[in-house]
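Structures for review follow.
Next come two complexes, and both contain chain A; in the first it sits with chain B, in the second with chain C.
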Partner chain A sequence: MDLLNSYNLQVLTFIVLNLILAISIYVTLSTGQLSLGHAGFMAMGAYGTAILTEQAGLPLFLAVIIAALGTGAISLLIGLPTLRLNGLYLAIATLGFGEVVRVIFLNLEITNGALGITGLHSIGSRVYDILKGFGIKSSTLGMNVLEVKALATLVVLLLLFLAVLFFILRLNRSRVGRAFSAIKADETAAMAMGINITYYKMLAFVIGSVLAGMCGGLFAHITTAITPDDFNYHRVVEILSFAVIGGSEVVIGPLFGATLLTALPEVLRVLSEYKMMFYGGLMVLVMAFRPHGLITAETFARFKRKKKQATGTLDDTNAREGM
Partner chain B sequence: MLLQLTHISKSFGGITALTDVNFGVEQGQIVGLIGPNGAGKTTIFNMITAIFPPTSGEITFDGQTLVGLAPYKITDRGIARTFQNIRLFGHMSALENVKVGLHVRTGKGFWAALLRTPSQKREEQLVGQKARELLAFVGLTDIADVRADTLAYGQQRRLEIARALATEPHLLLLDEPAAGMIESETVDLMALIRKIRDNGTTVLLVEHDMHLVMNLCDKVVCINFGKQIAEGTPEEVQNHPDVIEAYLGSEEEDEAC
Partner chain C sequence: MIWQQLFNGLTVGSTYSLIAIGYTLIFGVLRIINMAHGQIFIFGSLVGLAVTVNSGLPILVAFAVSILISGVLGVALEFSAMRPLRKKNVPHLASLISTIGFAILVEQLTHLLFGADSRAVPAVATGSYEVGPLMVRQVDLIIIVVSVVLMIVLNYWINRTKMGKALRATAENGDTAGLLGINTNAIIILTVCIASALGGVAGMLIGLTYSALIPTMGLTLGFKGLAVLILGGVGSIPGAMVCGLILGMAEVLTVAYGDSSYRDAVAFGLIILILLLRPQGLFGKKA
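Right, the complex of A and B next:
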């Protein structure tokens, strides 16, 4: 099982974690809101979970849920004044909020300042303990303990990601999803359709924040150590670039972006010092030739048309569209 | 009166867009709002639908005031509109555009969508069915799954009407529904508007196509430079000296040229 070594497993785990973050930014963007507060919400989730497990001794998964919901509650308070803002103004306000959160954690006693919180339980160890309870040991699986723990973490993350994706897709294909999409396309027209814009913008903002908070909690218990610097401006740019590179029209876009941008630095290790050049070049190329991201709604439409053409069931409408 | 505007004035900063506009729309009527470009017709629509409030005056619908309500509440009360510069949700299919219109008459929210409860499924089914009926009503059954922004101009106008009808309005506001249409499309449109009225929806429309206005409307209101200059039957308004002057210019102006 060479492929399943702990290094590869860890890379995959971070890809899956970023997939959930990608969904979190996608939901916020799906109402056309450019929020840069995701690192701040992630930090709140991370510190919240860490404090709940370390100081209050709560079980890990319960702590993640509580911290994520708490993050959502705070995002509600942040959203009330800021969601009146549009476009860049909202971006600046939420970016400022993220920095405020980081500086607060940097100066609080309970968060241990710049040193951060270390020695957290890892998700892998927790799951391994449970497995041991069932009498399953690393030797039964033919792997070493580290590999089993890494694999367990990956499986947990993957299940969570699939659950989140499942629910988001359901939401997309509902009355709520249509309202999101209508607001993104044209706020005035959406209002004229009787859609309560403020409510749905807030809903999307809170869902995005809860997911970011959850990712923060998971992140803390994957790396087992967090510092305020883990949630700085670079993290915001990273999360946003999933949607910018991948595209934010369909959920597959940011998912693709997250996978690409997380895997690429690992794959490009061979390029060593030229790695960042390649990375930067890719960004420029995408912005120049695919300003809406690599995967757009049109990508799907074209794919469907090609399939139709291939099966020879092309009707008039599609022919006109194809011109 | 279904809709009544009383002493409506509107100014933007120092510029007065409308002064003392008074007219009513009776249940079951088709009322036309005419006037040269920039007269303030769309401004009236925007005030009725609460995109911005009037500076002074009162707008009542079914005897209740509309001033101060949020725009989405206006739709809830039973007023729907189309836009002069077509505002469809371009990336959605025609069918989905109409489904968005059904938003206000349905109620399943976030949790119902996540859990896909039986009642949510029933509602979605109903939404799909109603949306298809409305597309059929405006004659767009064939293009249900086509992206709205790839539709022909006339089709987009009809789709916008279908989307507005989906909110089940008592009053439908049409902002230049015939703009950019060819003769045959306009004839179809007139039949459609009559059909809408016969189904019990009152219509208030802004239009430059005088043939349409004069043939379709029970009552016409003419606005010029923010002032109401005439109100009455199409014949009365057509022969009103101020209306003729507004559209053709006065003799003095001609001499000045």
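Right, the complex of A and C next:
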């Protein structure tokens, strides 16, 4: 049980949370749109969920769903005027949105201003309470209470992540996913093919925002305390760098990026001090040398072709289709 | 009272115009939004301020240092984050993202060198005049005059000189301009340098208005410049000039007659409004 101490479990939990965030920015990017408002959407999800569970006494899962849908509704309002235009407008409008959300939460009474909301009932405690209801105590599992709670949080997040991943993989294979990639490849051509590009861009943006809102709600109930500063511009850059550095062509890219960028500062202590500088520098370097990210669709194509060659059944069309 | 507020808005707004022109110039030539603009010029201004405060030299030196440092950083931005991406088969968002990366680098450098506390700007030209209902501080006059003179010079340079012509040609079509013997790379470096240097002036002027510079201003001021860019129509220099003033006045009126904590939200509100009503901006041409 040494490996499963609560510190390691917490790091893993944050990696999984960042994996979901990486997917949320990936969905928006998959139509070639850049949203810089993911921290704002996270903040709305976090505060929404926290207020719903603490003040209205709703169960957590219901609060997360309501807050995430509410976030989606707001993103609809931002997408409406901006998504018809060049992608630049969405980037700037969402950047402004993120800052405005922060300013509003800093000044509202219900969000407790700069001090934020503290003392939330965490996911771990909630699950532990349920377990206790079934008569399972930490001693029966041979761990201490903190470890059980941390493990429970991780399991819940992992299940959610798998559900989201499954949804996205299905989405990619569907009509909608193909429309997304057509728009990303060439908007004009996609329009000529009869694809309603504003509708699909909006869909991608709203899905991304709902996921970000959900992550916000989860984040609030993992850390049990949130302040407006948890959702500043740095958070945006962090989320963006997952997809940008990992690569945003295939879903593996952002997942790889999120794992790498969350785990590295934990392993290398020096990095955690200069984390943002590291992210910034890496962003510039990756864009200069591998503008499509570290992992691209090409990476897999080459890998598969090599495999085929090794088994001696090189079939060019197959190799290409295997993509 | 309202006249005084509008005048204050004019002062702040003229600096917003300068910031927005920095974005406009770079966008015009490169079709790139330089997300590092705010962070670059606030770094330049802070260095300028530190030099004068520590050495006791006049504030003019701070302006010179700020212009120099901002310009140099602008050139560094061009070489590290923009030029490597000017090749084929690069996604169109890549340059936006690499300037964001550069912005974070500069911001962290600012944080390392200057911390997070606001820095006082020594008061200059403390006298004031009464003009009708207005109380005009000398420093306000300096700010407005400097901004207006810079804008006039820039306009003259772009529209009347040979180099300005080369710049317009590069903006129109870089490849063709290159074929006609214009050194487009040199023009681009010059543009980025001038845009950042203008920011350096704007940063110092803002320091004079508020009597302080805050290291985190880079992001908020940068966003205001972007808001002005959209309000005026992306790529329009007259648009940037006029809409900077409009944003300045709108903000001051919000603070005076509304809630001062929502000052930074005004720019965002105006963006959404203009995108709904007139997406090409006040001075933009319909695409």
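The rule is short, and it goes like this: the second predicted complex is superposed on the first by the 294 of 323 C-alpha atoms of A that agree within 3 Å, B and C clash if a C-alpha of one lies under 4 Å from a C-alpha of the other, contacts with A are read in each partner's own complex, and residues count from 1 in each chain.
One rule holds for everything that comes next: a contact is a pair of C-beta atoms (placed from the backbone, for glycine too) under 8 Å apart; a residue touches a chain by one contact, two chains touch by 3 or more.
Model, not experiment: these values are computed from the prediction.
Novice: Once the structures are superposed on A, label A:V100 by its partner contacts, choosing first (chain B), second (chain C), both or neither.
Specialist: So A:V100 only meets chain C here.
Novice: Pick one for A:L282: touches chain B only (first), chain C only (second), both, or neither.
Specialist: second
Novice: Give one of first, second, both or neither to describe whether A:P291 is in contact with chain B, with chain C, with both, or with none.
Specialist: So A:P291 only meets chain C here.
Novice: Touch check for A:A301: first (chain B), second (chain C), both, or neither?
Specialist: Touch status of A:A301: first partner only.
Novice: In the superposed arrangement, which partner chain does A:L171 touch: chain B (first), chain C (second), both, or neither?
Specialist: Touch partner of A:L171: chain B, not chain C.
Novice: More residues of chain A are touched by which chain, chain B or chain C?
Specialist: C
Novice: First (chain B), second (chain C), both or neither: which does A:G87 touch?
Specialist: A:G87 sits against chain C, while chain B stays out of touch.
Novice: Quick one: classify A:H121 as touching chain B (first), chain C (second), both or neither.
Specialist: After superposition on chain A, A:H121 lies in contact with neither partner.
Novice: Can you list the residues on chain C that touch chain A in the complex?
Specialist: 33, 80-81, 84-85, 89-98, 100-105, 107-109, 219-220, 223, 226-227, 229-230, 234, 259, 261-262, 264-265, 267-268, 271-272, 275-276, 279
Novice: In their complex, what parts of chain A are in touch with chain B?
Specialist: 167, 170-171, 174-179, 181-182, 185-186, 188-197, 203, 249, 297, 301, 316-317, 320-321
Novice: Considering the complex alone, what residue numbers of chain A touch chain C?
Specialist: Within the complex, chain A touches chain C at residues 29, 32, 34, 78, 80-82, 84-85, 87-89, 91-93, 95-97, 99-100, 103-104, 106-107, 233-234, 237, 240-241, 244, 274, 276-277, 279-284, 287-289, 291-292.
Novice: Please name which positions on chain B make contact with chain A in the complex.
Specialist: 49, 51, 70-72, 75-76, 80-81, 83, 87-92, 96, 99-101, 103-104, 106, 108-110, 112-114, 116, 120, 123-124, 127, 142-143, 145-147, 150, 163-164, 167
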